[in-house]
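Should a chain be cited, it is by its letter among A, B, C, D and E, assigned in written order, with residues numbered from 1 in that chain.
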Amino acid sequence: MEHVIDLDAVGQVFGASDGGRIVALQGVDLHLRKNEFVSLIGPSGCGKSTILRLISGLLQPTSGQVRIFGMPVTEPRDEIGMVFQKPTLLPWLSVLDNITFPMKHKYGRVTDAEHARARELLEMIGLADFGHKRPGELSGGMQQRVSIARSLLHDPDILLMDEPFSALDALTRDEMSFELLRIWNERPKTVVFVTHSIQEALLLSDRIVVMSARPGKVDDIIDVPLPRPRNMATLTDPIFTQMANDIRVQVFSRTPA
Amino acid sequence: MEHVIDLDAVGQVFGASDGGRIVALQGVDLHLRKNEFVSLIGPSGCGKSTILRLISGLLQPTSGQVRIFGMPVTEPRDEIGMVFQKPTLLPWLSVLDNITFPMKHKYGRVTDAEHARARELLEMIGLADFGHKRPGELSGGMQQRVSIARSLLHDPDILLMDEPFSALDALTRDEMSFELLRIWNERPKTVVFVTHSIQEALLLSDRIVVMSARPGKVDDIIDVPLPRPRNMATLTDPIFTQMANDIRVQVFSRTPA
Amino acid sequence: MRALASRYASALVFIVVLIAWQLICQFAQVPEYILPAPSAIVSAAIGLGPARWFEHAAATLQVALAGYLVAIALALPLAISITRSPLLSRIIMPWLVVIQSTPIVAIAPIIVVTLGAGWLPRVVITTLIAFFPLVVSTALGLASVPAELVELSRSLRASTSRQYWQIRMPYAVPYLFSALKVSITLAIVGAVVAEFVAAEKGLGYLILFSTSSFRVPVAFAALALLVLSSLVLYGLVRWLQARLFPWSQNAGH
Amino acid sequence: MRALASRYASALVFIVVLIAWQLICQFAQVPEYILPAPSAIVSAAIGLGPARWFEHAAATLQVALAGYLVAIALALPLAISITRSPLLSRIIMPWLVVIQSTPIVAIAPIIVVTLGAGWLPRVVITTLIAFFPLVVSTALGLASVPAELVELSRSLRASTSRQYWQIRMPYAVPYLFSALKVSITLAIVGAVVAEFVAAEKGLGYLILFSTSSFRVPVAFAALALLVLSSLVLYGLVRWLQARLFPWSQNAGH
Amino acid sequence: ADKLTVQLDWLPGGDKAFVYAGIEQGFFKEEGLEVTVLTGRGSSDAVTKIATGTADVGFAGLSALMMAAAEADVPVKAVMSLYSKQPDALFTRASSSIQSLKDMEGKTVAMPTFSSSNALWPVVLKKNGVDVSKIRVIKTDPSTMAPMLAQGRVDATINWVTVGPAFVDVLGQAKQELAILPWTQFGLDGYGWSAMASDKLIKDRPEVLQRYMRALVKSVNFAIANPAQAAKDLQANVPEANAAVVQAEFESSIPLLKNEVSEKFGFGTFDPALLQATWGWVSQSMDYAADKVQPEQLVDRSFLKP
């Protein structure tokens, strides 16, 4: 099968304000297949966000190469959608306008179909009443949901999500997870999903990339053999519980970052 | 036993930019005892952050009354420390200066003891090498840890923490939890802790306040009979697992926000 | 009562100042050729007749507004160019500083000689005086956009022009308006300076004419009208901001 | 090579402009009393002798810097008062607009007659011209502090003065410096205007005196020195910012 | 009608009343001229504007034209003299004891920065044997002069006699009386304010200039005969002017227009000797070589004959 995203021996070093250097990534090799759902887990500061920024083309690696559809990434590309770790909403736009913003920003106009879709997504994230509010009037979790809805409005080939559910309660989180799976099923795409929840990673992914820190590198890549479609029942599947424990043990056996 | 924090029939209504009104809280009664560790859990947008802001005196309730040590709260008070939902670091200060900032800001100077304590805390949050970096050079989870360290530097009677561990991986999260318990044990204080993790709430708290949304109100207050001191073993205690399941069922039986 | 007092505080203070002024002039016997009393100013103003006042005020305001609009039309593209390219910024900025720090009165003869004695040199002078704060403040606003919003735009592969129009410009609105407020008063001052250099009518001309014949009350009446125009235009800019960009007022997004 | 060209781009453009100017004056036969050629300006400058230039430049720069410092000393407390209390803001702002939009030349007699013809009125005039952008921009910066940082400060129960010194002021540094850059050039212009009103030496005086005796090249030499001083002072302000507040340069915290 | 732009050297004060009289009485129209009046900001400004073609004709001090000629090649000629005496004067309070230049020692005098009187001052003092260094000079904006004199901030100011009436007004408010010491008293002689025309006009449209000159002479004569009407005519064009002051100002300029010099050589003419004397003052005050300018080359007398 053809690779959609390739990271070959990627290293990333940042120069810091105090004159020091921060080695964020070292020798990272990653090869993601078409329409694969991959999760990244790893300790805080191991370089997960950095990997997403490298794939999106927002950042150029200091060594190694990042390719998408086989082409070296030198700048952001059209087929990528992104959920940032911070909600990153535009404070002067209403919630609805924030959701349709990618269309406005990319193409200069928002079609009626997109407006309708935005309202659908608003419903899905449970904020139907908040369409005309400003981001500043939402709670942290609400803002995060708006930024997820924004990334789902257009239908990119590659979706990069940086801890999208971190500020959500368990219930909302599960709902959003299943919604995401449904959308991914309907319109397959390659998803790279950063999370700190092993359950979440297992529930959603085809493969889980386990990283470690200082310097950030890939420790292990785990295949998730759970059958699809996944649903509430998956959460009680013995393989699920077993794998969750295994990964937890693996993660906890490391030294902390 | 005397109450440290009292919320009596507290309601909070926000006027919104689109002319509408958002009822954030309605008829909330809460009475917290001295040196109690209480967690707030509830769906996104149910008013957890609002409750913290009311207790801290940053916000005045639109109805009802908030009292601390029996006195109505009309403005922020000295004995309160706070971890905000967003890290809220000062971008122009180094990490160490951010940690000692409360002292600088409150008293105009930082003692040597406090400097030493700041370095200790830096070690504790696993960022010993990052003391002279700027917040913009840290990952999301690192920033969050810095803001936790900042709240722990001084020793307030009341500590309000808004989802302090949301951006941390499981390992770091557990470490930080145990550290928090250790500190709370050494220097007892009343802690109000917002989280979306039922496990975390169980591990840490004396009582768990379960909230529901639209409008935000208190659904249930659950006593946690797990013995203290709690540690890794607590996580495998059958009461722990049982309660976690019970609460999950209770939470999941609600309609979503 | 309290709220009312606070609402009309500025008007109140204004009236108090006016009365104090009148009393001081009357009792301290301040000579009219130094500081005329408000009553003297009012009667001098009435003496000239409304039609003539209108003519002078219209001349000045036309120049001020034309210069202001040209300044805005110049400053925005300049601010954008500066923030867009460090090279352009290095080339353009020193020249802007050169223009800004050139005392216009010194080069006014060149301007008048080159552009003739009509309204054109006056508009040019006004523009030269009013545009620098606009450029500097807008450029700062455009450059201050949080990195994450720029990354959002870049990740969407939006054209730079959309990045400017939909992200940087809205973000810079409070900066822009802060400069628009400074500049509108500078535009009025600019028009007056231009009239000092070459004009046959206008409030600035009237001030020059009256002070040089030591008829200070008329000059003060013209000054009052000028200041009033400034206040009204300043208020208008504020009102526009409140109307068009209500979110930009308490800044701090 | 490319990088080098980009580094010295502004110097290069400057030299090109200078050469073009010289050529145009020579070949288009522009009369010297309108626009003297650079060569004529240089020889006029040499004619006057360095001691004399130093004297004039020192006089102007003293006034400009004194006025600038006074403006800063006035503007910061004013900006703080304005952001601290809406009532004060409503009372103070209109008066600032009034002062800002008053053409100084119009009130020159009052200033000179009240304060005498020494350096004091010159400093006052310079201050009046330079301080408004400082107030407006600093006030904007102080008010733009993100709500969460203010909440942090409030939750710490810090005194308002600490809130200003440790949170609002640092946050406002980019705004302050943007205004400091505008104001330093205004201070120079202000000193020149003040010398137009009353002075026995200084570059502004020299410009006025030379143009009235048709020594336009000398006037231009004075102008050039003035602009050069402006550029140097502007560069100094930038350097200070880079030195003292390196984090404030690319703004967008 | 032929269009002609007339450049004044300052604002439309009383001394310019005859120009407006010419307009209102139709003298220019009779000659088929349609004139536009531009105000100016000093003699050098006026000379520059005529030189560059912003205006065709105008008025300025002859010394300004001489200075201009000494510094550069200006295409402007003086075509008619208006003031055959220099208008510069020392203004003091009558109550002060200043009767002569000698009395100025130890005193303070204010003068406008850009006035040509500036340069003349030391020369006049020298001629009268007064030590320049003993007099404190303040250079300020013209609008500050009368108030400073009235308030006693200075002991004297240097102005043209034509602004005397405005000073009388101001000093009157301070219960003071004005004393005027014209510099002619101290030996200053030469031509002052003159009518000028651009070389271009002289070359391309000489008969237009001829007609303009005719109208101008008529206007001056009319104004001298009817100062009150001339003041009204000025006010018709410049409503903010005060007719009474304008009339007084113009009247105080009549002795400069019509006096023993103009009687002797005829109004408007340039006597070669007096012309040379004028240059003598300029060259001394500005440190020019005596032969730097040939004053004869700066005047064109060919339009004086009717």
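Assume a residue touches a chain if its C-beta (ideal position, glycine included) is under 8 Å from a C-beta of that chain, and two chains touch if they have at least 3 such contacts.
Chain labels with UniProt names: A, B = ABC transporter ATP-binding protein; C, D = ABC transporter permease.
Please read all numbers here as calculations on a predicted model, not as lab measurements.
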Touch-network distance, chain A to chain C (ABC transporter permease), counted in steps: 1
Chain-chain pair with the highest tally of contacting C-beta pairs: C-D
For chain A paired with chain D (ABC transporter permease), centre-to-centre distance based on mean C-alpha positions, whole Å: 50
Chain centre separation in whole Å, for chain B relative to chain A (CA means): 27
Euclidean distance of C-alpha centroids - chain C (ABC transporter permease) vs chain E, Å: 37
Chain centre separation in whole Å, for chain E relative to chain B (CA means): 85
Where chain D (ABC transporter permease) touches two or more other chains, by residue: 34, 105, 109, 113, 147, 196, 208, 211, 247, 253
Shared-contact residues (touching 2 or more other chains) in chain A: 17, 86, 134, 136
Sites on chain E at which at least two other chains make contact: 48, 52, 143, 147, 151
Chain A-facing residues of chain B, complex: 14, 16-18, 20, 22, 41-45, 49, 85-86, 94, 126, 132-134, 137-142, 144-145, 163, 166-173, 175, 196-198, 248, 251-252, 254, 256-257
Footprint of chain E on chain C (ABC transporter permease) - complex, ascending: 31-34, 48-49, 52, 109, 112-113, 116-117, 196-200, 205-206, 208-215, 218
Contact set on chain D (ABC transporter permease) toward chain C (ABC transporter permease) in their complex: 6, 9-10, 13-14, 34-35, 87, 90-91, 93-94, 97-98, 100-103, 105-107, 109-110, 113-114, 132-133, 136-137, 140, 143-147, 174-175, 178, 181-182, 185-186, 188-189, 192-193, 196, 204, 207-208, 211, 219, 223, 226-227, 229-231, 234, 250-253
Contact footprint of chain D (ABC transporter permease) on chain B as seen in their complex: 53, 56-58, 75-78, 80, 82, 84, 86, 88, 90-92, 101-102, 104-106, 108, 134, 136
Complex contacts: residues of chain C (ABC transporter permease) adjacent to chain A: 148-149, 151-158, 162-163, 166-167, 170, 173, 245, 247-248, 253
